[in-house]
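Look for chain A in each of the two complexes below; its partner is chain B in the first and chain C in the second.
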Partner chain A sequence: MAYSDKVVDHFNNPRNMGSFKKDEEGVGTGMVGAPECGDVMKLQIKVQNDTIVDAKFKTFGCGSAIASSSLATEWLKGKTIEEAQKIKNTDIVQELNLPPVKIHCSVLAEDAIKAALTDYQQKADTQPIDTK
Partner chain B sequence: MKLPIFLDNHSTTPMDPRVLETMLPYFVEKFGNAASRNHAFGWAAEEAVEQARKQIAKLIKADSKEIVFTSGATESDNLALKGALEMYKEKGTHIITATTEHRAVLDTAKSLEAKGLATVTYLPVDKFGMVNPQDVQNAITDKTILISVMLANNEIGTINPIQEIGKIAKARGVLFHCDATQGVGKIPVDVQVMGIDLMSFSAHKIYGPKGIGALYVRKRNPRVRIAAQMDGGGHERGMRSGTLPVPLIAGFGKACEICEQEMTVETARLTKMRDRLQTDIMAALEESYLNGHPTNRLPGNLNISFAYVEGESLLMGMKDIALSSGSACTSATLEPSYVLRALGVGTELAHSSIRFGLGRFNTDDEIDYTIKKVIEVVTKLREMSPLYEMAKEGVDLKSVQWAAH
Partner chain C sequence: MARSMCWHCQSEVTGEYFCERCVKVQPVSKETDYFTCLGVPRRLTLDPKKLEAKFYELSRTFHPDFYQTKSTAEQTISLSNAAVLNTAYRTLRDPIQRAEYLLALETGSVKDIRTSPPADLFEEILELQDTLEEYRTSDRGSDQGHQLRAALQAEQEGLERRKEEMESQLRQLFADWDKLQDTGEATSPARAERNRILKQMRDLLSHRTYINNIVNDLAATIA
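Right after this comes the complex of A and B.
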């Protein structure tokens, strides 16, 4: 099976590969998938004033899974929380030209985005309000 | 050194130029039908076929009359199982085989089961992928008519104790079929010593042409009979009708002759290269695990799981080396290799496996390049792997609650 040029590009030059410290302020972490299924994605966002200022990923999986998460970090940067919620797996499928057998990779990327956003919000909600 | 490098010699092999040379006269010049008994065109074709039959039989220590030509090993496996069952069904309908067999055997067995024609016992294998002869012994009932166990496995290269299984089969009066597709031409095969009654193999795995294979059918002690699965002109002693593809057969014969003549030297050369590939890669990369038997396996085979990286992405990173992965992300199903699973390899490590298949035309330079590339790509992908990161932080990956999907 041939990969699209975009998948190959993301695979060879992954964008924003790496990790933030999970307990760092403003960081939300989403980890989805399972090793037995052959793919695990970790996606992290760093939020300041409701805007995602940085994003990072690490992925265990096929080339399409790596490309999907790499693309997701690119798209997340600069978006507000609300805008980020609207990223759909079908957008990823379209951008990377994924074949039907690889659609699950894009679903996983959407799940990872959602999980990171949820984690960020839960952390923000439980943080004590700074009263000075 | 030319790229890409072909290191997938279990899937198929490039044809040896000497084989092609042997085949060429039989396309245009000597085009006769080997079954034409009354003119020179037919005689020339028949002579080529009989010459090939001798070369093939010699490689497996059989008689040339015991070679039945087919389109390949898949057809041979089908013919052996279905043909033997049809012929001996009055005696019994029980077949014994193993979980790591090629799908040409497994799916044939399953199809016979589904049609209610046979009952099948699928024997487990040990952690190296080997069938235990004692298990075969224990599985035999008075209804058993056929045992089918492969010589060497196509994924992990493990060589089964064929001779012992053959002895058991003979002692119990059960026919023994061996799918020897990966073993013939690579390791010594002797159908007498091994007690084999039916044996499948093909030309394209041994530097011959695609589209031709054979089923060895024992002629004496005992005389094995199988029912033809295709009706027609009654070629091949009535077991497989169809005009013989003379050029392919001539090539198959030559391929066998070369394997026989060069086996000793080639085995030593391949083993040395394979061992170097294995030692250098595994020394450089922690948590890499050998799949298959450490010593008792095909000289050109190496199957390794690299923890924390997924097989398909490994192949993608090494796109100038043709390899195969036990990860099934490439196919429609998401199940990893059933062979590795049968060995007890965890699903995650089965997803992380790569099969190297070395062959006649691989060189030391290619092995050097491959070693370098594998180390580079695995290291890069581990940097990218959240599992590797967690393992380095001391997280026990088995204790994590994964959101399976």
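Right after this comes the complex of A and C.
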């Protein structure tokens, strides 16, 4: 089955590829992997005043995994923490038109979002929150 | 393979793959696991020769060529049995796939096998992928290109050693599993041992897959 145009677009022009320093203030890092296929995904968010101002990713895996995480970073930007929690893998499946065999890629992206949010909150809980 | 009723004569099926009464071939049920399908015990250390012999034997039994003069129903059954058999053999003949398959079967009942993602390994892989990318875009004839290549080669060798080490740990776990199955105990230490084996196996198999991927990438790039 061929990849959808949107997957190909994200694969050829990945948005927000790269990374932040893990210990930078307001940065949450999510690192997840899919043991079945060996794909590894790192997704980071930068939060200011409860809003995600920037997001970056690095993914080593198939086209769908790259597209899923690329799309996730696009969606995350500008969202509040609470809104970001609501992103579901099914939204990614729908947007990218992923075939059934690639649904686990979208699950991986959702897991990465959740992991990044958890990491951010854990860091925020142990550090004084920047209220500027 | 216990089946309730023969599709043809409606008598109870007592034979393994055929009805003993009307001698019609019986479909291998979709729920039948691959170990049962190939008539081997649910063990992780299987004799490849015996497995192969069993596969050939059953292949002859179900081969569609031998059903050309039979009814359409029998032809359909032989074809689907042959297909299941092929998948079963392909899965079980490879020790890693066999273990993955057994885990899937066993963890259906053990939901508490939760593994934490190996963050250190992920970091390592991501860093290596960065270096790989650097090498891909570098001038390979330059000093920098040579240095990168040497560094990547060293990484590849190190990872291959780790993979081998993991495989030897896996073989030990396979043996532990089989030993536990042979004792057939249902005591609580036996259950704890069972969960330990399954969890460690899950972790090792996953880590091995991640390492395998990066090793393949390395090999393909610096070959």
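Assorted remarks:
Heads up, the rule we're going with is that the second predicted complex is superposed on the first by the 124 of 132 C-alpha atoms of A that agree within 3 Å, B and C clash if a C-alpha of one lies under 4 Å from a C-alpha of the other, contacts with A are read in each partner's own complex, and residues count from 1 in each chain.
Following the convention adopted for this analysis, a residue touches a chain if its C-beta (ideal position, glycine included) is under 8 Å from a C-beta of that chain, and two chains touch if they have at least 3 such contacts.
All figures in this text were calculated on a predicted structure; none of them were measured in a lab.
Overlay on chain A: chain B and chain C clash in the combined arrangement. Of the two partner chains placed around the shared chain by superposition, neither chain B nor chain C is touched by A:75. Of the two partner chains placed by superposition, chain B and chain C are both touched by A:35.
Taking chain A as the reference chain, the count of touched residues is higher for B when chain B and chain C are set side by side.
When both complexes are overlaid on chain A, the residue A:63 reaches chain B alone and has no touch with chain C.
Touch criterion not met for A:120: it reaches neither chain B nor chain C.
Of the two partner chains placed by superposition, only chain B is touched by A:3; chain C is not. In the three-chain model built by superposing on chain A, chain C overlaps with chain B at stretch 114-122, while the rest of 24-32, 42-50 or 114-122 show no clash. Residues 31-33, 35-40, 42, 58, 60 of chain A are contacted both by chain B in one complex and by chain C in the other.
For chain B in complex with chain A, the touching residues are 308-310, 312-313, 316-317, 327-332, 334, 336, 346-348, 351, 383-389, 397, 402-405. Interface residues of chain C facing chain A in the complex, by the touch rule stated above, are 115, 117-119, 122-123, 125-126, 129, 202, 205-206, 209-210, 212-214, 217. Taken in their complex, chain A has these residues touching chain B: 1, 3, 8, 11, 14, 17, 19, 31-42, 58-63, 65-66, 101, 104, 107-108, 111.
The part of chain A that touches chain C in the complex is made up of residues 31-33, 35-40, 42, 58, 60.
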